[in-house]
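Next, two complexes with chain A in common: one pairs it with chain B, the other with chain C.
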Partner chain A sequence: MKLDFQALFDPRQVTDNIDLLLAGAWTTIQLSALSIVFAAAVGIVLSVLRSSRWKVVSAAARVWIELIRGTPLLVQMYILYYGFPSLGITLSPLAAAALALALNSGAYVGEILRTAIQAVPRAQGESGRAMGMGFIATQVRIVYPQAFPIALPGLIGEVIDIVKWSAIGSIVVVPEATQVVSQIVAQSYRGFGIMFLTLALFYLALTGSLAALGRRLEKRMTRHRMRLAHA
Partner chain B sequence: MLELNFAPVFKALDQLLAAALYSLGIGIVGMALALLVGTLGVALSQMRSRAARRAVLVYVDVFRGTPLLVQVLVFFYAPAAVGVPFFSPYIAGTVALALYYGAYVLEIMRGAFEGVPAGHVDAARSLGMSGARIFWRIQLPQTLAVVISPLAGQFARLFKASSLLSVIGVTELTVRGHIIMTNTLAPIETWLVVAGIYLFFNSIILIGALYVERRLTLWRP
Partner chain C sequence: MDISTTQAWPTAARAARWAGLLAAFALALPAHAQGTGSCITVDKVRAKGGWDIVTQVPQFEPYWFADEKGNLQGMDYDMLVEVNKILNIPTTRYTTVAWAGVLPALQAGKSDFVPEAIAVTEARKKTFAFAYPEGDNSIVILTRPDTAIKGPDDLPGKTVGVEIGSAGEATAMKLKDKAKASGKDINIKAYQHNVDELLDLGNRRIDAVLLNVAPVTAYMKKHPGKFVNAGLASDPLYAAWVFRKEDFGAPGCIGDEVNRALKMLRENGTIKAQQMKWFGHEMPLPDYATWKSVE
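Right, the complex of A and B next:
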């Protein structure tokens, strides 16, 4: 067979399917946003449990984190999607994918937050207490604002990972970008090249702008450090 | 409350373990190729040619900026789309894994390599060591010691991600899981056992890395 680049990169494949493609892109963004919000919640809860004074609680959180980090995201999604109906809980493909992404990423986020909080010098919290601030006020006003910039690069990495891994939603037929493109390509190889090129550019634009946003945020939050360094 | 019954799944445990070894094989080959890609990338990024350094940056950005699943699909479909009649999904999948994780490996290795203090290289040179000797005796051992733990992390991730090759029909552990789920009609038990098998091999990788790391850092005071 002769190579036919004109057919492989036929732009009509994109323009003819533009509605489907845009809907897929929008679903990818929704699925990612949903997962990011839940992953943040899971991560915060895990980091609190993990630094609990009660050994049983922190050990249980640790075991949970190791279980999640030691198993593939895809298998976690299958447990939720194929397994949970036999427990009487039926999840839609989108819910199963979002929940799997959130639980998976949440385990990593929990550890990022915990190590960031630990990296804040103890004296900072102790000084707050010595000044007569309550425990919660000390955490919220003194410790967390200093921990957040430390955690930020790791958190941005997790957000980008969620966007990329949301593509596995296509495996349980969530109609997101990867699923839409695979389905169109499965019908005909015509436009194969331009379809996957468009898909790759879409993900590159998303992950690239998230990375740029992260760098700007990081610069802003560490401005005080720069100023000290120059003084 | 539903009672879990693992007996039918355990009856198929030998099939699952055989498939797990196949997955592990993909993981090892993929990681070996990723290390090769990473080493080549570090070498290119140390070159004087601006084009070579630019190419490395573009490679890293493109492969880390797009989903692994999309890369797997491209490597699987592309040969058929351009008219290559038969292309093994095993090769397509392993190459995709190697290139995706190769980009991460490259960044880890480059960071560690550039982190070796310049004073060490200067000291070695003033002792009359040749460039190659400096690389093998001074730069490489210090790079390896720093790099083992993050590389083991990438190996574990690559091994887990090999489950994505089930999508293009590589008969690894997750595909076997699908077959056994259909045969036993015990989905939750099947996937819990599959998860347990991944966890087991993953732990071996991480514990093995701890051991290697300890051996490689014996010289540290």
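Right, the complex of A and C next:
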């Protein structure tokens, strides 16, 4: 059999459908951004609940985290989108996808933040209190600024994961980049080589810039250490 | 896509195809040793012990579906059993995937052919070959009684669900273009599986589903009174099994052999009996003598 390479890598498939592809790319960016913001909120709340002195609260937060981390994102998204209408809650595709991504990632973010806070030596907080600072002031001005750089590499990993996992938004009919590409390919069966290659490059560009941004942020936040090292 | 495993692949033909695909990247072309114009022969299929089929998850009742225990069944399943008896092919090994992956898998040589009722459309005929049709596969509009949709002219301004890569999707695109020409629009939502868009029609997220008549009829029977068939979305379409074009054209090629078997099954009344068994009525078929599998 003769494989038609020309057809497999027909660049016109990309140029002819550029409007659709850009719309899909934009939807992916929107879905990712929305999910990242909500995941951060969920993560902060979970890390606080998880560190609570009330055992019931921290245990409940732990059960929730295990529940989320122990089930596939695909299943969670399916339940939110297709299952919830039977409870009277009908979410839009974008809302269901973003919520599933945020709840899922938020569970990991919560643990990353909690362990980062625990990694800050206790003496730091105690010194703050000894200087006469209140609990909240100590947390905000002493503990969190030291915990954040510790958490940052893990958080960047989560952000990148959200961008990549946004591709499964297509199962709940979000017209994001992966869905647009599979739709175009399925219509004509032309150029699926170049289409998926383009798609992969798009994700790579997105995750690559986020990683670069993260590295800059990390450098900025740890420059006091650098200065010490060079002194 | 692992180059090393292609060596161990049981059939030279499939290995050649995969290697051919990889060659697009590596520019190593000797895998085309088979030469052009060659086809998979029935002898080759017998030698490897049976068909290797990649097809849709069984959600196309009554052509192709599974019972609650997961046993595959339907008119397509029965028909292939009959064809296998005639062609003396011992087994069929099925792999099921989302619909959007089925025809690309065929194109990439991962499936011998696709023995599922597929709507014969002009766009698909450009790339694929269709065996003799086995029944009707027209696209109809499934809706709820409250939407007041009575036919394709009522679709502008509405939200329509379709399966990615389906004839229903192609029909919806055409209707959308037509609506746009007169300053209106149809909002199309693309799903991975038929069951999902049917679920969303029930959830009232969408107003209608454009889907083949067979699964629509089966679905309405399962949910009496909840849905309405608002009739043909466009011109009627036949249902036929699909092949790669190069698997037709010489005696012994699987395309020609399956067609020969289908002709026998039509002449001895098996196709009609199958239609009666699964649909309860006879469906019109074209004249096989003038049917062009390869265009």
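FYI, the second predicted complex is superposed on the first by the 230 of 231 C-alpha atoms of A that agree within 3 Å, B and C clash if a C-alpha of one lies under 4 Å from a C-alpha of the other, contacts with A are read in each partner's own complex, and residues count from 1 in each chain.
Heads up, the rule we're going with is that a contact is a pair of C-beta atoms (placed from the backbone, for glycine too) under 8 Å apart; a residue touches a chain by one contact, two chains touch by 3 or more.
Predicted, not measured: the structure shown is a model, and the values here were computed from it.
> Kindly say whether there is room for both chain B and chain C on chain A in the superposition, answering fit or clash.
In the arrangement built by aligning on chain A, the partners chain C and chain B clash.
> Would you check which partner chain A:90 touches, where first means chain B only, second means chain C only, and both and neither mean what they say?
second
> Classify the contacts of A:173 with the two partner chains as first (chain B alone), second (chain C alone), both, or neither.
Only chain C; A:173 stays clear of chain B.
> Check whether A:71 is in contact with chain B, with chain C, with both or with neither, and answer first, second, both or neither.
Only chain B is touched by A:71; chain C is not.
> With both structures superposed, pick whichever of chain B and chain C touches the larger number of chain A residues.
The partner that reaches more residues of chain A in the superposed model: B.
> One more residue to check, A:144. First (chain B), second (chain C), both or neither?
neither
> According to the stated criteria, A:189 is in contact with first (chain B), second (chain C), both, or neither; which is it?
both
> According to the stated criteria, A:164 is in contact with first (chain B), second (chain C), both, or neither; which is it?
In the superposition, A:164 contacts chain B only.
> Check chain A for residues that touch chain B in one structure and chain C in the other, and list them.
Of chain A, residues 1-3, 8, 82, 85, 170-171, 182, 185, 189, 192-193 contact chain B in one complex and chain C in the other.
> Could you list, by residue number, the parts of chain A that touch chain C in their complex?
By the definition above, chain A touches chain C via 1-3, 5, 8-9, 82, 85, 90, 93, 170-171, 173, 175, 179, 182-183, 185-190, 192-193.
> Under the stated contact criterion, what part of chain A meets chain B in this complex?
1-3, 8, 67, 70-76, 78-79, 82-88, 164-168, 170-171, 178, 182, 185, 189, 192-193, 196, 199-200, 203-204, 207-208
> Going by the contact rule at the top, pick out the chain B residues touching chain A in the complex.
2, 61-62, 64-70, 73-74, 77-78, 80-83, 156, 160-161, 163-164, 166-167, 174, 177, 181, 186-188, 190-192, 194-195, 198-199, 202-203
> Applying the document's contact rule, which stretches of chain C touch chain A when the two form their complex?
Interface residues on chain C, with respect to chain A: 13, 16-17, 20-21, 23-24, 32, 34, 36, 38, 99-100, 103-104, 107, 109, 123, 127, 161, 164-165, 169-170, 173, 189-192, 196, 199-200, 203-205, 244, 246.
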